[in-house]
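Okay, so here's the structure we're looking at.
For reference, chains read A, B, C and D in written order, and residue numbers begin at 1 within each chain.
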């Protein structure tokens, strides 16, 4: 039962942290909440028997992608006036419409998901199994992902390089 | 870890909730950094659904999809943040609504 | 002992790739060592293979992996090695090695030294794949590979646009033949369900009677491919222009190896040709006509390389003649001896050109006998072999062809007389070349004598041209045994004496000047004939008129035809719609996102509706 | 191991870790003094051991001041991140057969994750201080640590390929025959350098290079929060040393010629102390590179080396599988 409890606690943490992250005006605070939410999801991954995904969530999502965010925020150096502006942008008149849309979508999702039955966990899916299917039936997807990452790298380099050159 | 007794649809509810919150974030924020963060939340919600379903069937395919989502997220963030820096330099603001010059 | 067959084509390939990638980092000596050494090593391995094969002459079949699998179609990467392959491989690696060695000096001062050897090695690799392939598809890969290398090497000095034009011409003309051959392969596959050569021949012989139509069709298509690659009538016009490439390339590709691929193809699939006597007759006639036309043309040329090019066309015509009359062994034998002496002649001409500052016109040479002794002797021996003077290698092979042609069932004597005419012409033009270039008074002087890397291949090829006729080919098991009667004594005597008479005639005409054909040449018809022969029987002109110009004309009028208007209207419609739709691009990101979300909600709602409806 | 034992072990590792980190401060200064021909702390107690207590007292009683211009929430949060993640990292270290808190089947990835999270401490500390030097220090450390994390992870994959498992216990047991420091010499080389960069120890302490950035990301920190940064750094040093020993030097196993009369835990400690001393020696011996040199070294030397190592290891493994 310990695992079940952990699951629900992490789910609550993830939800709360995500909501907080979406509503902060300070980007750094929002990011910290987002990291917490990611770590909570990592715990959920671990609990449902996907330790490899959990590790990747921590190493890559929380450990690398979010660091990039912090990095960029540091470079932008947003000040106090940014916070005030964000607060102005979060008026109810702005978010009430989108919120309705989201709620409608959520209701639809719940209707669709509601018919799903069965338990989550069927035991642990180890990193080895994931690796074998990654380089077995999904090898083409791996190649595509590598292409995508290469394209991302070249794109990021291109964007960043122009920035440096114009400054120089 | 077989004593885990969570119905699959609870996990999917969580995923759906996170997805809706992320989508809401994309719609209501004007700051590009927040929009990128919201997209990360949405991607993560999808990943959660995949991993949960994979765990339900005891198959590695869910985690394989997770790895794919991860690489998409990594590429997206790299390019997206590069764009953020460019936008900040050109428009001196991160307001998404200011960057509206590309129109038909 | 079959383990290392794959090494033989792989070695030049690896060297080629290394040279391509590392051309900027390698020194000239390293480039030369790699380029020459890889082919030399392949030659040594081929020698070892030959040693084993001659002791235990069993065909070797090695399957490496399945290349692709589409339904019933599963060609493999596999090598088939028998006597015929051995002959071809020995020629490719042996003569190829000598030519590489020669090139290492010939090209020494070229800026693109590495590129040259990269192409040349790639050519050797592709050619080896061609002859080793156990199925026609892999063979086709090698076939196109050598075509590509030929294109690259003919246009090697691409800075001159004429060379590029020559390369394109070579590529496009051979492509016509290749297309026919590809169609032939498709027909073969649809009819027999396999492209493996051994299976295919067996299946064909089981399925068809001698004289059926489909084998005739297939054979004619294959013949078209062979004629394209081997520069036979009517697709021969590319070869003289291909002389734009470096001379060792002409020696390797356009004399010794690639152009004989067509001969190899027909010899390899002789089982099919045996099913269709008509096709064989066509082969023989094409060969004979080509050999005569090219010989007449060679007689009128000024450019030393063009003379040799037409001579090559003519000699390959002989090989086709041999194949056409069923003298398989004789044809392949002539292929081998021709590789020796024609490579020798080309390399000799390369040496002359090298030492005379790229002078090609034979009338500007002269008296080189004493100043370039090695080249002179090699040219003399090569010409003797080409003219088939007794005891040289060319004599044995050409004599064999003529005798067997005489015995052909229907039109044998006619073929024999034609062949004799060709032999006479060959003797005349080859010794015309020798007499004009090496005798008489000197018009230019060579500024250097050739070095050892050019001399050694010449000397070795001299030796091969002399003794090559005594080799016996290990092809008894490949080809059906000839059981022809020995013809009459007089036939043999005439065959032997004609070349000698030709040489004598050439002596009278070009050296001794006892015969002065001036009045003939000066007459109106003589001038016209000379011009006609000089331009290669105006075949290029004919093609221009009949094919190229009409094509341009059609292309010009096809630009504004009504069908095009129809497609234009599609474009305009699209543009209008696009203008309307692009109004939706407001540039406001969040608008897009909201509309995407609304769409998502709509789709989910629809699916919900259907789920609910189903329940 | 019973639950009670597990809890005891966890508590003792926590306490022991902090103590070791504290002792290390003194030990490093003593050794540095020894190697650099000076005295080092020698006033309080025998060999200056009392210096440790004096430092603790000073740090504890200092005013816990937060600069008014700082982002208070993040400023306070930052130092806890490094302590927490480093302490978590110790959970998977196998000290002796059966003596570990948890044997995760993704142990190595867990370690990488924890060392990845430690970045935040530096990054957020630098950002929250609202100080130009601190910001620059944080920026530097972010790119340095994210870059070196890449080869750190990759350099360990050779070990994982040989073992076929991410579990540290499995990895130690796979070194029964021969330690991985021989077969994975390139991996060891890269891992040691990446480890120094990850824990930003001296040759690679660019984030806090005194002469350029005063004290880098922790310029504004003082008192207990500063002590936590220090503690985190020494914990990181200890953790990296434990990992090096576990992954490349056979963990608790000693050379077989010594028989089995030396307890495994002693072997482990001896090796860890040896590696820590090696790190301190590096600090004493090697000058600090420029920042661009550091990044060049990473991407242009370390990354190719790790990739070559991976390719060679993979090729040999495939070849062995073919042979056997």
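Quick note on the criterion: a residue touches a chain if its C-beta (ideal position, glycine included) is under 8 Å from a C-beta of that chain, and two chains touch if they have at least 3 such contacts.
Since this is a predicted model, take the numbers as computed values, not measurements.
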item: Pair sharing more residue contacts (C-beta pairs) when A-B is set against A-C; value: A-B
item: Centre distance in Å when chain A and chain B are each reduced to the mean of their C-alpha atoms; value: 5
item: Centre-to-centre distance between chain D and chain C (centres being mean Cα positions), rounded to whole Å; value: 68
item: Distance from chain D to chain B - Cα centre to Cα centre, in angstrom; value: 32
item: Approximate Å spacing (C-alpha centroids) for the pair chain A, chain C; value: 63
item: Junction residues of chain A, two or more chains touched; value: 52, 56, 64, 68, 71, 73, 75, 98, 101-102, 105, 109, 124
item: Chain B, residues touching no fewer than two other chains; value: 23, 27, 30
item: Multi-chain contact residues (two or more partners), chain C; value: 594, 597
item: Pairwise touch network: line, ring, star, complete, or other; value: other
item: Residue ranges of chain C in contact with chain B within the complex; value: 581-590, 593-594, 597
item: Of chain D, residues touching chain A in the complex; value: 71, 73-74, 77, 104-106, 109-110, 112-114, 116-117, 119-120, 123-124, 126-128, 135, 138-139, 142-143, 146, 149, 153, 164-166
item: For the chain A and chain C complex, residues of the former touching the latter; value: 97-98, 101-102, 104-105, 108-109, 111-112, 115
item: Complex interface listing, chain A residues touching chain B; value: 1-4, 7-8, 11, 14-15, 18-19, 21-22, 27, 30-31, 34, 37-38, 41, 44-45, 47-50, 52-53, 56, 60-61, 64-65, 68-69, 71-73, 75-76, 78, 86, 89-90, 94-95, 98-99, 101-103, 105-106, 109-110, 113-114, 116-125, 129-130, 132-134, 138, 141, 145-146, 148-149, 151-153, 155-156, 158-160, 162-163, 166
item: Chain B residues within the chain C interface of the complex; value: 23, 26-27, 30, 35, 96-97, 99-104
